[in-house]
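See the structures that follow.
What follows is a pair of complexes built around chain A, which joins chain B in one and chain C in the other.
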Partner chain A sequence: MNSIAQPRILVVDDERSSLQLLSMVLRHEGHLVDAAGDGPAALESAAANPPDLVLMDILMPGMNGFETVERLRNLDGCRAVPVIFLTGMEDLESKLRGFAMGAVDYVVKPFHLEEVRARVRIHLQLAFAQRELAEEQGRRLRLLGQAQREMMVRPADLPEARFAVHYAPAQEAGGDLYDVLSLGPGIHGYLVADVSGHDVGTSLVATAAKALLRQYAGPVFSPEETLRLMNRALHGWLPPGRFLTACYVRLNRNTGNVRAVSAGHPAPILIESATARIRHLDAEGDVLGAFPQARFGSVDRPVRKGDRVVVFTDGLFEGFDGGFDSCRAALEAALSDLVRVPLEVLPERLVEAMGPTSCGDDVVALAFEV
Partner chain B sequence: MELPVVDKQEALARLDGDQELWDEIRAIWLADARGLFEVVAQAAESRSSESLRRAAHALKGASANVGAVRVTAAARELELRSVEADWDRLAALLAKLREETDIALRELPLA
Partner chain C sequence: MIRTTALEGKTVIRLEGVVGVDEVEPLQKALSEGAQGEFEVDLSGCVSLSSSAIGALIASHNVLRSRGGRLKVRGAGEDMRRLLRLMGLDRHFELN
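Now for the complex of A and B:
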């Protein structure tokens, strides 16, 4: 989008005098005007210079105005561009079809210049006001995302939990979250979760999930009970269609045991220090928040000092075409090269090794050491 | 009451009374009108009512801008009747359109 000081308008009409008339009038108003005599020329122009407003004739030979607008909507920067259709006086059907296609207005031929100017002005003002609104929303999302990041516990805040994390929300306010909490001397809980969707609501759900975890993670509850109680609270509160996948791991350093509970989430991985062996801690469970009665399976493993557990979101597999097995194979290969790296860099290096994750999903990779 | 060949006043009112702008539109019409009419005539000859509708629509639009109201009316009639595909009737309307176009081509330069 261009500046409101000099908006760019694309005028499309196969009839030369109309095209000339509109172009000249709008140029005199101070607008940048691109004139196109047919649909293909219009698309070419819009691809090179996305307009702020389009004036589109309907009845043109070859590609008509409706078809042109449909294709225009697929171009970068033109998805939401306002379109004013140019129609004949008696063309009620075209007018209705134009509105159905998302036209903002129409101008009747032969043109009354005063009317053209007024309609163009009002729709440019609307378009720019909408853009400002969207930018304001973006600013709020960024603030929310920042607050969300600041609320995440950092390794230095809880050194005895011995964890490292890579946290890269793809959106300003993302749906991925992690939390690490102390559950008593030598006992820690590690949560990684992924909220469905990418919007402001998503990050609110993420915040709520963390609050619920802290409420229900205490020593009186087993990890399965923690997720069950979280599920009950979330189910009563989440709108339909909204849910979380989560993996919650509790490590007891006193007894040398990890218990992993899954809520429809990728299985965490245990790397045994002595043998460099990699084990998937598979457990089956329902997603969180979707059903009133959900089941969460768990898996227990004995662990020794130096063993590591990696918990992650499926963002790690973005960019993989293959199925479950090929994702796992890639993960095992990546981790087997990273067995001896310092814990602090393990999550980062794992994400790097899994390749570009710029494909739109968030990624969390969290590793902790016994 | 018969329409005038050119309603310059009405056209100028739409164009903010801008005589220069009207002159430009007139020049374009004088250059294009014959060609636009020929497209209409060819469509009628090949008896394609959709082509006829589109061609008449184009001539109508161009003529309306400049205020050539009788050509506009004749082209409009042809555009609206094209769907009926009553080719005898359309031939008569085409003859009328040719006559009006010829008159406007003669009179518009003097307006």
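Now for the complex of A and C:
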């Protein structure tokens, strides 16, 4: 988009006289004007110099106005450009068809120049106001994302939990979250979750989920009960169709036990230090927040000093077009190469080893050591 | 892509290819229209389901559940089945 001080307008009309007249009038108003005598010329011009507004004749030989706009929408910088159709037809059908294609207005020929000027002005003002709004929303989203990142506990904040994490939201404010909390001497809880959808709402749900975890993770509740209580609270206020998948792992260093609970989430992985053996901690469970009654299964494993657990979101599997088994196999292969790396770099190295995750999903990989 | 066909009084909502963010609205619309009568969801042509699309299926199931029914899903391939099982949805939906 160009500056509001000098907007660029593309005028498309096969009638020479009308094209010249419109161009001249708009230039006199101070606009930059590109004039095109047919559809292909219009597309060429728009590709080279994306306009801020298009005045488009409907009836043209060859490519008509509707067809030209349809193709225009595929050009960089023209997806949302406002279009005013110029038409000699006053029939309802062609008007409706134009509006369905995203036209913002009509001018019926023969037009009054004053009317054209007024409509052009108002639609340019609208387009620029919308752009400012979008930029403002982008700024807010970035602030929200920043706040979200700042609320995530860092390994240095809780050194006795001995964890490392790779947290890379794909959007400015994402739906992935993790949390690590102390549940008494030698006992820690580790949560990784993924909120469905990709919009501002997901980050709000993520924040609420963390607050609920802290409320229900205490020693009074088993990990299954923690998820059940979170589910009940979330189901009460989440809109239909919104849910989370989550994996919650509780490590008790005093008794040498790890318990993993799943809410429809990929299984965490236990890497045994002595044997370098890799185990999937498979537990079945419902997704969080979707159903009034939810069940959560758990799996227990004895662990020793030096053993590690990796908890992650399915963003790690982005870019794999093979099935479920090939994802798991790739994960095992990647982890067996990383058995001896320092804990601090394990999550990041794992994400790197799993390849490109630029397919739009967020990714969290969290590792902790007994 | 979402394709709805009516056959002998029964509506089949077929999900094809990658069902991403752009398909969620048409899917929600198809599901709420389908819920007027008997319908099922056909996943045989579906390669991947976004979390929002799964959310739409869950929301539709919850509406049916309040009337004593369940969401009927058919044609799920091996990977789609694994996904539904991983998310525990096989215990809620009717998988054929």
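The working rule: the second predicted complex is superposed on the first by the 366 of 370 C-alpha atoms of A that agree within 3 Å, B and C clash if a C-alpha of one lies under 4 Å from a C-alpha of the other, contacts with A are read in each partner's own complex, and residues count from 1 in each chain.
Assume a contact is a pair of C-beta atoms (placed from the backbone, for glycine too) under 8 Å apart; a residue touches a chain by one contact, two chains touch by 3 or more.
Predicted, not measured: the structure shown is a model, and the values here were computed from it.
Model built by superposing both complexes on chain A: chain B and chain C fit together without a clash. Applying the stated contact rule after C-alpha superposition, one finds that A:112 touches chain B and leaves chain C untouched. Looking at the shared chain after the overlay, A:287 reaches chain C, while chain B stays out of its contact range.
Touch criterion not met for A:55: it reaches neither chain B nor chain C.
Once chain A of one complex is fitted onto chain A of the other, the partner contacts of A:88 are limited to chain B, with no touch recorded for chain C. Panel annotation: after superposition on the shared chain A, the angle at the CA centre of chain A between chain B and chain C (CA centres) reads 90 degrees, nearest 10. In the superposition on chain A, no contact is made by A:165 with either chain B or chain C.
In the superposition on chain A, contact of A:17 is made with chain B only, not with chain C.
After overlaying the two complexes on the shared chain, residue contacts for A:194 are found with chain C alone; chain B is out of touch.
Closest C-alpha contact of chain B with chain C, superposed model: 34 Å.
Of the residues of chain A, not a single one touches chain B in one of the two structures and chain C in the other. For chain B in complex with chain A, the touching residues are 11, 13-16, 18, 21, 24-25, 28-29, 32, 54, 57-58, 60-62, 64-66, 72, 80. Chain A contributes residues 14-18, 20-21, 24-25, 59, 61, 88, 90, 109-114 to its touches with chain B in the complex.
Those residues of chain C that touch chain A in the complex are listed here as 21, 28, 51-52, 54-56, 58-59, 62-63, 78-79, 82-83, 85-89, 91-92. Chain A meets chain C in the complex at residues 194, 196-198, 240-243, 245, 263-266, 284-287, 290-291, 295, 323-324.
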